[in-house]
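Each in structure tokens, the structures are laid out below.
Across the two complexes that follow, chain A remains constant while its partner is chain B and subsequently chain C.
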Partner chain A sequence: MQLVQLARRNITGNAFRSWVVALCACLVAGLALGTTLILRGADSSLRLANQRLGADIVVVPEGAVEKVEGALLMGHTTRVWMASQNLDKVVGVPGVQAASPQIYLSTLLNASCCSVPNMFLVAYDPATDFTLEPWLKNTIGQGLKLGEVVGGAFVFTPEGEQNIQIYGYLVTLKANLEPTGTGIDQSMFMTLETARDIARVSVTMAVAPLEIPDDGISAVMVQLDPGADPQATAVEIMHRVPGVTPIVSSNLFQAYRKQLGSLRAGIGATLGLTLGLSVLLIGLVFSMAANERRRELGVLRAMGASRAFVFRTLLVEAGMLALAGAFTGITLTILVVYLFRTLIVVTLGLPFLMPALSTLAAEVLAGLGVALVVITLAALFPAVRISRLDPAVAMRE
Partner chain B sequence: MKINALLLVLLALVISIVPFFTDCSSQGRVLTLQNGRTIPMKCHWTGRAELAVALPLAVVGALLALSKRKETRRFLAIVGAFLGLAAILLPLAFIGVCSSAEMTCKMIMEPVLILAGIVVIAVSGLVLFQSRGPEAVS
Partner chain C sequence: MIAFDNVAKIYPVTKDMRVTAVHGVNLEISAGEFVVVTGRSGSGKTTLLNLAAGLTQPTSGRVLLDGQDLWQMSDRQRSVLRAQKVGFVFQFPSLLPSLTVLENVTLPAIFQPNGARADAGQHARELLEQVGLAPKAGVYPRQLSAGQQQRVVIARALFNQPQVLLADEPTSDLDEQTEHEIMELFAQIHAQTRLTVVLVTHTTQLVSYGTRAVRMAEGQILTAADT
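Here is the complex of A and B:
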């Protein structure tokens, strides 16, 4: 009888033991892959959000850092204001190459005049913008006109409609941005001119008017001269422009990075505990199985099977169970993480982006590897012990 | 075989019960017509239609636990696989759920039904595999 065939018979011969080992492999591989997917997904989403922002420094009103970060990363609607004169002051700071204002608004919640409830809206100045305009020119060949908007990946025109209604004003969705796994996916971008037109129309057409202060802006996006030091320029902005907080792009989303750090520590501890317990449990199951099968293995040895053959049979059996369990665990994990990605974002309060196929394949292989190593390690000691047993002693017992 | 049968019955329970607590109507969200009448959104009807999948699936699971013949099991597995496919297609293609990503029907009900449908198909496939070959001669 061949090695694999014998291992297969052993697996089907004791269904309960096989289920326990396969379940452990399923748990270990699934947990390892699941945690990696979520943590790396959040990491890459944060990185992408930073890149998409396209600014070296973001200047926000003093005390509004968390609100603006929550808006830019999670799409939490916010309204923060500072004087528009701050823009000129920021432009005058040495090292600043370009600066462009943005206004943060939101649609109304549960109002019939808005076809999208509580959506984060960003109004920008096309004359000075350096974050969205280059992308727009590459994608649709021109900037946005009055009444036109660009949406995040999940923004769509309602079924059977031609336009999206905001404060009773109809806007046309011109294009969608690539998914980032952040709140940007559910945000809408328009020019300041469109925003002010919506505010004008909303007075008569909306349940509540859209209010935009004449001399108010929410944030200033800053692009630095090549070679300029971001930290030094941020300090300079703070000195020259009172009442604002400049955030260097590498320091953006600090609250979320901290949250991710603590989540990583918690998940790491859980994963370590699961791995340890699985090794112990599988080791115990295999020890019991090996004891149960002393006579059977003794007979096998007496019939001429070598120690190495018995040892290999036990390891192949463990390997087959590990692969079957791990494959099931990995498939289920990918399905669960993919299908429940929005729920994960809402529950953890962190952005999340599924990895590219090549990265996913590498992570799947790593998950399989972890399960294989854990189970082989656990089966190693009982396999060595039983294969060294004298056949006569084993059969007599 | 008994484990597979039990799994199918459990999945039938999931498919029938979860929509009752995760459709928009259960969250108090309904469509208000111009005449003031309120009607449930389409996710509500998907949830009700899933009952027509879950009930036969539970029967398939029960029959599978009782069946001794391979041919019967094979037939039940094929019916189970089609029911799993129907459980997936109801929210995805036949009726659908609400479009907004953060509504409970889109965020929880749809993924649960798709996942349950996939597992039903996988379990049915396993039953079909285990029931291959001719009947054992007694």
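Here is the complex of A and C:
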């Protein structure tokens, strides 16, 4: 018989205590991992969305900031317009290296002429675009032609068909972007030429036509000269181009960042409280258990167990319970977060991206570590107290 | 084998109250003796036994086991000495309920500094045979009677082949017949192995099983005589 075997037998020999401690570990590890997954998932989604946008400044019509952010981040369809002459004015602002227009559209809701309902569509100008074109050239070797589209990570051609139907117009899905956990994953990208062709065909082929104002654009993506100050350039755009709002990339999705900040504070407080209460509860359970086992531990001391052995036995028991409970909690958390990730996005109103396997593995280890530390801390005081007890006193009732 | 040199043990009860369990104890127990210590409840018998095993520190005086002052050692050294040289039989049920009888008997192997002996299982079975419980090796303590449990405890105390066997009221919870059987077992073990036995009891009739009787009262040794 070895120490670990003895600890295991003690664990199975006292089912109630073991369940309480393992449950606490399950809760602590599950909560720690769950909150980390959600917060980091939302955080990395916001970061990726910014990167994917690839612009230093996004110029949108005045009063349309929230709509555009909601479209880009959450996939909420929107149709906002400003005069296309604004593009020329933005290009003329000092510090602007490149500017490219985008038009935001959406497919129809539950109409047979659209095989994808209520989807956010982005039309761009391949001649000036610097956000999607470089990626396309790297991925498929060329830009998009008429009738071709690029989809977000979760855009697919309907099963058994070659094309996707939009307003009765058939488009070919050429490639999919990497997942971002944002609305981009459910969006479709095409050239302005394709968008206008869809609008032309939709007049006769769709339930309702796709309307694109002749001189209307939805946003202007701006790339700055190296060394140009984004804030100063944004202020300059506001002065020179009336009726628009320039959003500096680092300020994009500010409402979501604030929401994430409040969520982080709330979750942090809950997590802290849970950890504190768990330490107290587990400490209490271990204290009671150690008191119940005073005589048994005194017997072990009489047989030749040193103080260190008794101390180690109690900590090994705590550690084994912590790991077993934490492992269960972590497995359940990953399963729940994975299965209900869509519900999480809807409930929290934030984008969410499951982390890469390596990140997940690191977070799992961190969760196990948190549970191990919490339970070891809780068991430490009773273990020290009982191991220092005079064996003769320990054996006396 | 065991020597008490002017030993006293005072327990603090409250901040201002102390209880003197033993005082002025001078006693030498030679190797191979079977000493039966008698006395009324509270006379200091159990404290004497705990002092002999180094389970409690004397308030004053010295306790020597096999020539070594127990309280000049570290806790680890004292624990190793106990694991190698002392077997303990308790008054109360002391088997670990989550272990089988066989596992309880082999339990002291954990505390051996050089690890468990290779034939631990076989050795434990032989000891169970010796106490008449070989067929019960695989059962749990709760499935045994009080007398059977005490036999298992004796087998466990003998597992590391100790030089000293200390028994604290080992028959106090048993009926007369079982008490007789357990005492016979002690006598038989002593006769076969010649190990030093110190047995504490409040039943004066049991002194006949030993080679020497020691009588205690109010924490002091009143008489020590051969039986």
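Just so we're on the same page, the second predicted complex is superposed on the first by the 396 of 397 C-alpha atoms of A that agree within 3 Å, B and C clash if a C-alpha of one lies under 4 Å from a C-alpha of the other, contacts with A are read in each partner's own complex, and residues count from 1 in each chain.
Everything that follows uses one rule, which is that a residue touches a chain if its C-beta (ideal position, glycine included) is under 8 Å from a C-beta of that chain, and two chains touch if they have at least 3 such contacts.
All of these numbers come straight from a predicted model, not from anything done at the bench.
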Which of chain B and chain C A:Val346 touches, first, second, both or neither: first
Which superposed partner A:Leu335 touches (first chain B, second chain C, both, neither): first
Touched partner set for A:Leu263, first chain B, second chain C, both or neither: neither
Which superposed partner A:Leu3 touches (first chain B, second chain C, both, neither): second
Winner by number of chain A residues touched, once chain B and chain C are compared: C
Contacts of A:Ser306 with chain B and chain C, given as first, second, both or neither: second
Chain B versus chain C as contact partner of A:Glu159, first or second or both or neither: first
Which of chain B and chain C A:Leu170 touches, first, second, both or neither: neither
Touch list for chain A against partner chain B, complex: 154, 156, 158-159, 186, 335-336, 339-340, 342-343, 346
Chain A residues touching chain C - in the complex, by the definition given at the top: 1-3, 6, 9-10, 12-14, 295-296, 298-299, 301-309, 390-393, 395
Touching residues (chain side chain B, partner chain A) in the complex: 99, 101-102, 106-108, 110-111, 114-115, 118
Complex contact set, residues of chain C against chain A: 46-47, 50, 53, 55-57, 75-76, 79-80, 82-84, 86, 88, 90, 92, 94, 96-99, 103, 106-112, 116, 156, 160
